[in-house]
Each structure stands twice: as structure tokens, then as C-alpha cells.
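Shared between the two complexes below is subunit A, which pairs with subunit B and subunit C, respectively.
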Partner chain A sequence: MHKSNGSNKSMINRQGDWRTRFEFRAMIVAFIFAPFLPFIISKPLATEIIVYGLFALGFNLLLGHTGIISFGHAAYLGVGAYSAAMIVFYGEVGVWLALLAATIGGLLVAIMIGILAIKRKGAYFAMISLAIGQMFFFLTLSPLTRWTGGEDGLKLPPLSIDFPLYVNLSNQLHLYFFILTIGCLATLAQWRILNSPFGHVLRAIRENEDRIRACGYNVSRVKFLSLIFSGLFSGLAGGLLVVYLGAASINLLFWMTSGVIVMKTVLGGTHTFFGPVIGAGVFLFLRSTISEYTDRWELWLGALFMVLILLFREGIWGSLLNLIEKRFYHSKL
Partner chain B sequence: MLLETKSICKYFGGLKAVDDVDFRLEQGRLKSIIGPNGAGKTTFFNLVSGLYAPTHGSILFKDKDISNMSINDRSQLGITKTYQLTHIFPRLTVFENVRLAAQSRHTIFNFWRRAYSLSEVNDKALAVLEHLGLLKVQSRIAAELSHGEKKYLEIGIALATEPEVLLLDEPTAGMSPAETIEATHIISRLAKELSLNIILIEHDMSVVMEISDEIMVLHEGRKLAEGTPNEISANEIVQNVYLGKGASRDA
Partner chain C sequence: MELTWEIIILQIIMGLALGAIYVILASGLSIIFGLLDVLNFAHGTFYMLGAYAVFVAISLCGNFWIAMVSAIVIVALLGGLFEITLLKRLYGTEPIYPLLLCFGFSIFMPDVIKLIFGLVGKVVEYPKIFQGAAFVGTLILPKYRIFLVVLMGVVLLALWLFMNKTDIGMIIRAATRDRLMVSCLGINVSRVWTVGFMLGVGLAALAGVIAAPMVQTIPNMGDEMTVESFVVVVIGGLGSLGGAVLGGLLLGQVVSFVSFLYPDWSNVAIFMAMAVILVVRPRGLFGEEGRA
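Let's turn to the complex of A and B:
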């Protein structure tokens, strides 16, 4: 039965509704099994899944939770990545400072896009964010070539960490565990944010923006903050990507990156918390598997994507949650 | 004076939706606005609640000019409205719908706390649900409610923001006669228990006559008459324009 809320009228569980509690448990299970992942699939693939999972979570803060469509998320990831790479390359600082720089990079992009576009809705916001994303791509590609390395990107020397304990990031397994640790902490942080009073308002904006404004909330401010958080997580993902790749590459800023993150998130399920991670995992796994057999992996992946979306209307994780909820939860009521 | 409009106007291009309306609401009163379709009732509500800015004229709340205040700031001040077409959060639970409204009176810039652990907000939401008889359905998804329940939820969202002035836009629209009677009782009970000041738009004349302290009649954007229910039903101009046809149809 539900826990008492200090009031016998309440059927509300303080931990959240059934789905929230189920997803939290699923997330813990994922954390427990994640250390075994690099022994099942290749270590680079496992690392990539964690990094892009975090990026997708940051992206879905806007798309799934606040209901804002962003087509320029490459900017957050890419600027985060270049901030990290440049501060290591020119400042010769350590990994921690690089990750901090990446997060701040994502934050600054969010502030910029927020100021310019947060009052715009739907397609207008999407187009402005796409345009700004492309602006960062071209800036990095040519006028700033002297600092960014242009088309070649920035290649970093081997990285390691001395504090709080020594980690040799050239070792693929150590690298994986380092990125997994950061990824788990960031995921937990986002979990807390989404279940806070603030996070609940995000969902209300998605459901009915006019009504929640009429309830007395300053919707623009809440949306702006949602964008800021999305930028922080996406920027951090960009920093982790640099640590993983040992380089910042111009592809990260290309609009395709913005498009692929939409695919990953939708594939996993936007109206869920953990769906984007699942989506990123399935997408990257399929891509690496298919590309072993054929050079035309994009064709097959695209076809598979369509089949999966038709099969799982709410995304893989979203549809699974619906199914489990119907079978095991509502049958008990 | 609690709430007052001074020669307020709202024009949409050439259409004078609300034209030079003076309106006064005193503390502790329930005042209804009636008038044929297109008389400007809902536009008037949108002006008071802050959805529209007036073309001319001013709105005073406790003698303070609020004409240019945003809808969210007016809600924080204590003026809120319900919507003619239900305007809820469809995929959230009934409890969460009302809890969100109650939460609007607290700071939300606390990112680490669990929303459901704000006991004060929970209790407020539950109290509102109890007032409206929605406790049984609190964990249902709002979109799954019956029409009547959605109407109550609509009122619940407004009530949970603890308004001083509540604007109800056709709360009984689409309800069966039995439901309408029940809703009427609930509204007049709420007005007394929560010492609410209510402005009501309603088509059902029996409801209006039963629960109003005062009535304002709008016609083509202008104020036609104003007075107690008895004065209004005795008013000849009103009978000609509105009540004569309306009363027989609604009866």
C-alpha cells in the first residue's frame, strides 16, 4: 500500500507516482549493471553510450520535460567540447578544469540562446536555435581556425588525473569508469532537479503553458532556467566527449549532431526520464553493429529507426513503461 | 473597493468587444455578468485576469492600478479565473493538477527538494480536492475525468492559488440539470466558507438568480443594467434585450 502522507485523505506517495518510482529503481539497476557493460560490448562503444546518454538526457530536459523543441543542441555539446579542448591545449590545465570549462561553455550558449529566443514558441525557437548552432559551426570552422584548428579540430596529448586519485585516461577501461562516475552523478543530479518543485513546473509548461502562467508562475523565467540546465548537462557531455576522444572535432558542431540527438531521444521515449539513455544506447549499438557489415549503415539504421518508432509509439522505454504499468499496476487497482 | 474597472475598453480592430464598462466589486459579494452571446463577458474576464491589456480605461485592485500587470503577477496578487473550455494539465494526475496551482504560492527555485515533500502544498491541494468532492479521483489522469469532474478540477486549480477574487467563466456549461444544481450549491458554499469574492459568467438564469448578490448585464460590449437579481428581472430594457428570450429558453 502507499505510504501515509501524514493525512488519511492522501493516496499520494512522496516518492512520486508509480512510474517515477519504477524509473528510479530501473535507474539504480542500470547503475549496478553499467560497470559490466565494457565487458559485454566494446569499451569505446560503452563509453560513447554513457556520454551520449548524458547529452540526450540534457536535451530531453527541453524536448520531453518542458516541451521546447531545440534543433541546435550541437552548439551546447560542441562549444562545451571546444571549451574543454582549448583550455587543455592552450592553458595546459587538468581534466577537472577542462570539464568545468565545458560546463561553463554550455551555460554561456544557453544564456545566449535564452536571451534571444526563449519567448519564441515551437518552430520559431527551433529555427533560431538551429541558426545559432550553425553560426557556432561556421565560426569554429573558419574565422577562428587559428585557435580551433578549423577542419582538423584540436588534438590533445594523453590525459590523466592526479586528484583525488590517479587515473590513466589512456587506459580504455579506466577511462570508461571515470566517465561512468561523472555520468551517474550528473544523471542523479538531473533526477533531483526533475522531481523538485521546479521540475514539476516544467512538465506543467509542457502540458499547458497558458494555464500554468495563469496559476501565477513566471513561465519565461522557468523556461530560461530549464534551458540553462540543459546547457550545463550538454556542455558537460561535450567535455566528457573530448576526454574520451582525446580531441575536439568540428563534426560535433555540425547540425547533424543536433538531428541525431533528436533521433536518439525520440527512440528511447521523450516522456520518460531514462528513455533518452536507452535510445542513445540502442542507436549507438545498432550503428556500430550495422557498420561492421556494410558501409551503407545510415540507410539500414534509418529503416530500422522507422520500424522501431512505428512499433514503439512512445519510444522503446516509454512503450515498455506503458505496458508494464498496464499489466502489473492497473490490474492491482 | 476590492476591484474596480473605470471606463474599460477592448477593441479588436473595429470590433468594440468591451466598450466603456464601469464595474465595481465589493468585499464579500458574488456578482454575476450576464448577456447574450458575443456581449463581451469573456473578454471582460480576460481584461480583469490579465490575459488582455485594455485598449482604454483602467483596472484597480484595492485602489492600485493593475491595468498593465501580467497574468502571472495578477495571480500572485490574488485574482484568478477559470476557463470556459476546460484548461487543465491533461496528462498529469488530478492531485498534481491542483498541487501545481497550490505550489505557485511558494518559491520553486529549490532544485534539490522533492516536490511531493512540501507538506503544506500537499495539504492545501488535498483540502481543495475535498471541497470539490474530487478526493476519490485524486490519482487519476486528468484527461480521463468525466466532463463534470473536469469542470470541478478547473475550479480546483483556480482555488488552490488561494485567490481573493475568483472569476468563474460558465462553470456549469455542459452540465446536466442535476449537476448544475449541485455545482451551484458548491459554488455558493465555497464563496462563504473561503470568503471568496466571486465574479460569475453564467447562462443558466436560475443559477444566476439564486446565488448572485448583484448582476451586471452586458450587451454588445456595453453595460446595459446593473442591480440586485430582483431589480434585474424587473428591468424592462433587460427583459426586451435578453431575459425575455433567454429566460424561456433556459428554463
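Let's turn to the complex of A and C:
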């Protein structure tokens, strides 16, 4: 039994196996080089890349790996951020509990969107998730102003950690390493999820949903789980963002946040593991450079994105993987 | 505030007028999705372009009616150009790519408008004969709002006649059902798709034109409308014209009454209405089983 499983896997997944191994090595290399990042680019930019990289990974769990188009990821990030900020602001608890609250916040939004929309097909899910995302934006903005601070957001006092060792989070470098540590752990966790049997089912659903249903899988339940994992990671990213910014701002919940995370992910390459992180990095770097020269950043962004969709759908990391595969892997066959 | 029956009737008319805009906008979205299987994320952008086109046309010719027609034609042609040069390349890829292309367009276009017209909103005057209000007893009836309701009726009738009584309408309906069969009959389906896209975009432009005097014409006015037109078709059922009509009218009333009674909740109410409908009837009021 075990043997037949193994041989099946190598037959089906030969190409995938090569990619998996290559991406794992790339991830380790990235972990090794990440500590030097804040000395190359500015510290806030480096921190932002880690946080949004984690968010993009969580998002791509749906888009790239399960094939679900979500346009409501601002809700997971934003609700995560506000959960963390509010529990610190009103409950005066520490950073760890705040991150836990953020993750739970993301989870609750995922459960809500899942109940309403998980059985809907592509375009429908996109519309419903976008609408629910906007609902959270307006809820935070106006009826719940008294607790959320409305347009001003919630500003937190300086944060620090006592356990397991003292970290002063007002120091930009310490903050970066704290966020990097959590980001790496979360990335490993996601790697584990995607390379489990469950992860393979996700990709199978992306390729042919009807067939997987015919194989006896409860497709809706698997999708729901994928949504929940995505919500957990995105909520955690929201919590980290609050730790980094020292505040929760209403912009996080705006639909543009959902749109931008789609762009980052597509830019990096949706059908890869590590692409979203690279997409987020390149995107944030480009934004910080381009917006120095022009006020019309969105014009360039929109135009570039259209070109990307028309000509370059594999994204940066996806194209690179294809290129390396063609050069080095197929030549050996 | 006290709810007298005059106020109730006024709110109903306000809601109907708003609903008329939703209906026209969402029926365009629904036609495009039904025919091309493309979720037009740039629908609100074409709505915004309609409003700006009518502003330009009015300042050129001065007449609201000529401006209205020319604005719709210009935006429909622009939509046709968008479909032929860009969108067409993505048919046959994964369905998310046309959606993302439209999304990119919806990021790109408002900034182009900002570049041309500046950040400050433009004012489009009400057409002369519909300025002010008519008084019937103690009732106040804003003329322009009533005109919108009538216009919606006319547009829907024209759309129904076009879809059911003309050859091209019949072809569009057939291509919505089975595009392969239609192309086997020797009809150039790709051209039908272009016509369908232009029709849908033209309806979005019309919605923008008639909304222009009532709202502030700003470059990002379409963003909210994209989301709201999505809510309308989710409530009504995507791909169904009847659904778009009912969903739009329902939403108009919800917005009108909630923003009067609980102003804080006005923006949240439509999404809550959507959530309730999704729980009660997941495929939307008129949605076909299996398509959603």
C-alpha cells in the first residue's frame, strides 16, 4: 500500500517535486539573508515586506493553491489589526495576547465569509467577499466609531515584550527581528500545510473541482478549511502590522487593501509557494521608489498590472522557476 | 424624527430614484456576465466615465439630452475598444484573468481622469425642465427623481424589446445559452461579445449620466458603485435581468430608509441586506441553480 502510494506520487508529481525542493531551498536561503535586509533597504520598508509577505502567503493559500478568488482580504487583515489594537488599548494586555486576538479575529471573519459564500462559484465568491470586506470597513468607520476611533484609528502606547526575553519594540531593528522571527515560523507552518496531503487536495481542487468531488472529497469542507487557514495567517499579519505601526488605521480595511494584495500575489506568481513574498517585496520597493517621483502612483500601478495580466501571468518568481526548470531540469532528461 | 406619510412617500421616491440607478447599472453588469462570463470589475469605472463624459458634452453643446446620448455612445465605444484590444486576449485563460484585467483598468482609469480634470469634483446641472419640485397638496415631489423612475421604465422596456424582438437580441440570448452552437450556425460570436460588452458598458454610462447631477462627480465615484452593483446582482441573482431589477429597487429602498432613520448605518445596511438574502436564498432571488 505504502509503496504504491509512493510510486504514484512520483509519477504524478515529478515536475512538482523538483519545484518543491527548489522552493524549499530558496526559502532557506531567504531565511538566511533576511536578517541582512534592514541594512540594505530602510528598516521600516524591510519590516513592511515581512508583514505583507506573510499576508500575501496567507492570501495565496486561497487564490493560488485552492483557486478561490477573494477580494475581501482587507477584512481579515483589518479585523485582525483592530482586534489586536483594541485588546491592547482597552484590555492593556501584552503583545502575545494581542497577536492571539488578531489571529482569532481573522478566524472569525473567515468563518463568517465561509458560511455565507464558500459554496458559491468564482465570480460570486469574489463579489460576496468584496461586499463583506466593505461591510467591515463601514462598520468600523461609522457605527462603531466609539470603540474603533473611526477615521482616526486607534493609536497605541509604545510596546515591549518581557517574555521569553525582553524586546523593546520601539527600537526599529529589534522590532524587525521580532517580526521576522514570527514571519519565518508562520511561513514554515504554511509550508507544512501546503505540503501535507491536505495541501495536495487543495491544488487538485484548483485544477479540477468536479473530479475531486467525484473522488469522494467533501470539496466545500476542504475549501472552508483553506479559507480558515488563510484567515488565521492574514489575521496574524494584521496583528503584526499593528505591532509595527503602533496603531490600527481604517485604511487597512478599505477595499484597496484587498486589491493591492491581489496585485502583489499575481506579481510574484500565484502558482508558486514563495512568489507572493517576492511579489510583496518588489511591489513595496517599487512603490517607495516610484512615489518619490510622481503623485500618480496608481496610474502606473494600474497600467503595469494590466500589462502583467496580459503578458506575464506567471509572475516574477513563477517565470524564474519556469526558466530554471527549462534550462537545468529538462536538459538532464 | 417623526415619520409622517408625506415623508414616507418622499423617501420611497428617493429610494426609487436611487434604485433606478442601481437597476440600470446592475443590468449592464448582468448582461456582460451572462454573455462573456466576465465579472466586470471596472463597471463602476465606466459609470464614472459616463458622468465625466456628460460633463464634457454639456460644457461643449449645452443641451442635456444631446450630451446624454453622446456620453453613452462615447463610453460604449471606449468599452468596445477596451474589449477588442485588451479583454479579448484573455478569453480561454483562467476566468480570473479577465476579472483582474478589469480590476487593473479600474485602478488605472480614475487616475487618468485625475490627471485630466484634477482632483476637485465637477458639477453637472439638473436639466432645466426637471429642476425643483412639484407640489401635490402637502406632498413634495422632486421632479428629477420622478424622471429617473420613468426613465428606468423606458430603458427596461427598450432593453426587453431589444433582447426579445430584434435579431441581434435573439443572437445575444442564444450566445448566452450556448456560444459554441451559435458559432456553428455561422455567426461571428466574438463580434456578438463585443456588442454585448458595449451594451453593458453603455448601461453603466447611462447610470453615471443620470447620477451625475445628484452626486458629486469625482474621479473615484465609481469605486463604491462597483461594490454596490455587485451587491445588487448577488441579491438578484447574477445573469438574470429580473433579478437585477428587483435587487436594485430593493436596495434603493433599503438605502433610502436606513439613511433617513439611522444615518450611521446607511453604508452598512446594504451589505447586511445581502448577507440576510444569502442565508435565506444562497443563489439570489432569481438566480439559476448551478450557475452561482
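Miscellaneous remarks
Rule of thumb we're sticking to: the second predicted complex is superposed on the first by the 304 of 333 C-alpha atoms of A that agree within 3 Å, B and C clash if a C-alpha of one lies under 4 Å from a C-alpha of the other, contacts with A are read in each partner's own complex, and residues count from 1 in each chain.
Just so it is clear, contacts are C-beta pairs under 8 Å (C-beta built on N, C-alpha and C of every residue); 3 or more make two chains touch, one makes a residue touch a chain.
What you see is a predicted model, and the numbers here were worked out from it, not measured in a lab.
Judged by the touch definition given at the top, the superposed model places A:Leu165 against neither subunit B nor subunit C. In the superposed pair of complexes, A:Leu116 makes contact with subunit C only, with no contact to subunit B. When the two complexes are overlaid on their common chain A, residue A:Ile40 makes contact with neither subunit B nor subunit C. Look at A:Ala214: by the touch rule set out above, it reaches subunit B but stays clear of subunit C.
Looking at the shared chain after the overlay, A:Ile32 reaches neither subunit B nor subunit C. In the superposition on chain A, A:Val266 makes contact with subunit C only, not with subunit B.
Residues of subunit C that touch subunit A in their complex: 33, 37, 39, 86, 89-90, 93, 95-97, 99-101, 103-112, 114-115, 223, 227, 230-231, 233-234, 238, 264-265, 267-268, 271-272, 274-275, 278-279, 282, 291-292. On the side of subunit A, the complex with subunit C involves touching residues 63, 69, 115-117, 119-124, 126-128, 130-132, 134-135, 138-139, 141-143, 255, 259, 262, 266, 296, 298-299, 301-303, 305-306, 308-310, 313. The part of subunit A that touches subunit B in the complex is made up of residues 5-7, 9-17, 192-193, 195-201, 203-204, 207-208, 210-219, 222, 225, 271.
Residues 49, 51, 71-73, 75-76, 80-81, 83, 87-93, 95-96, 99-101, 103-119, 121-123, 126, 129-130, 135, 138-139, 157, 161 of subunit B are the ones that touch subunit A when the two sit in their complex.
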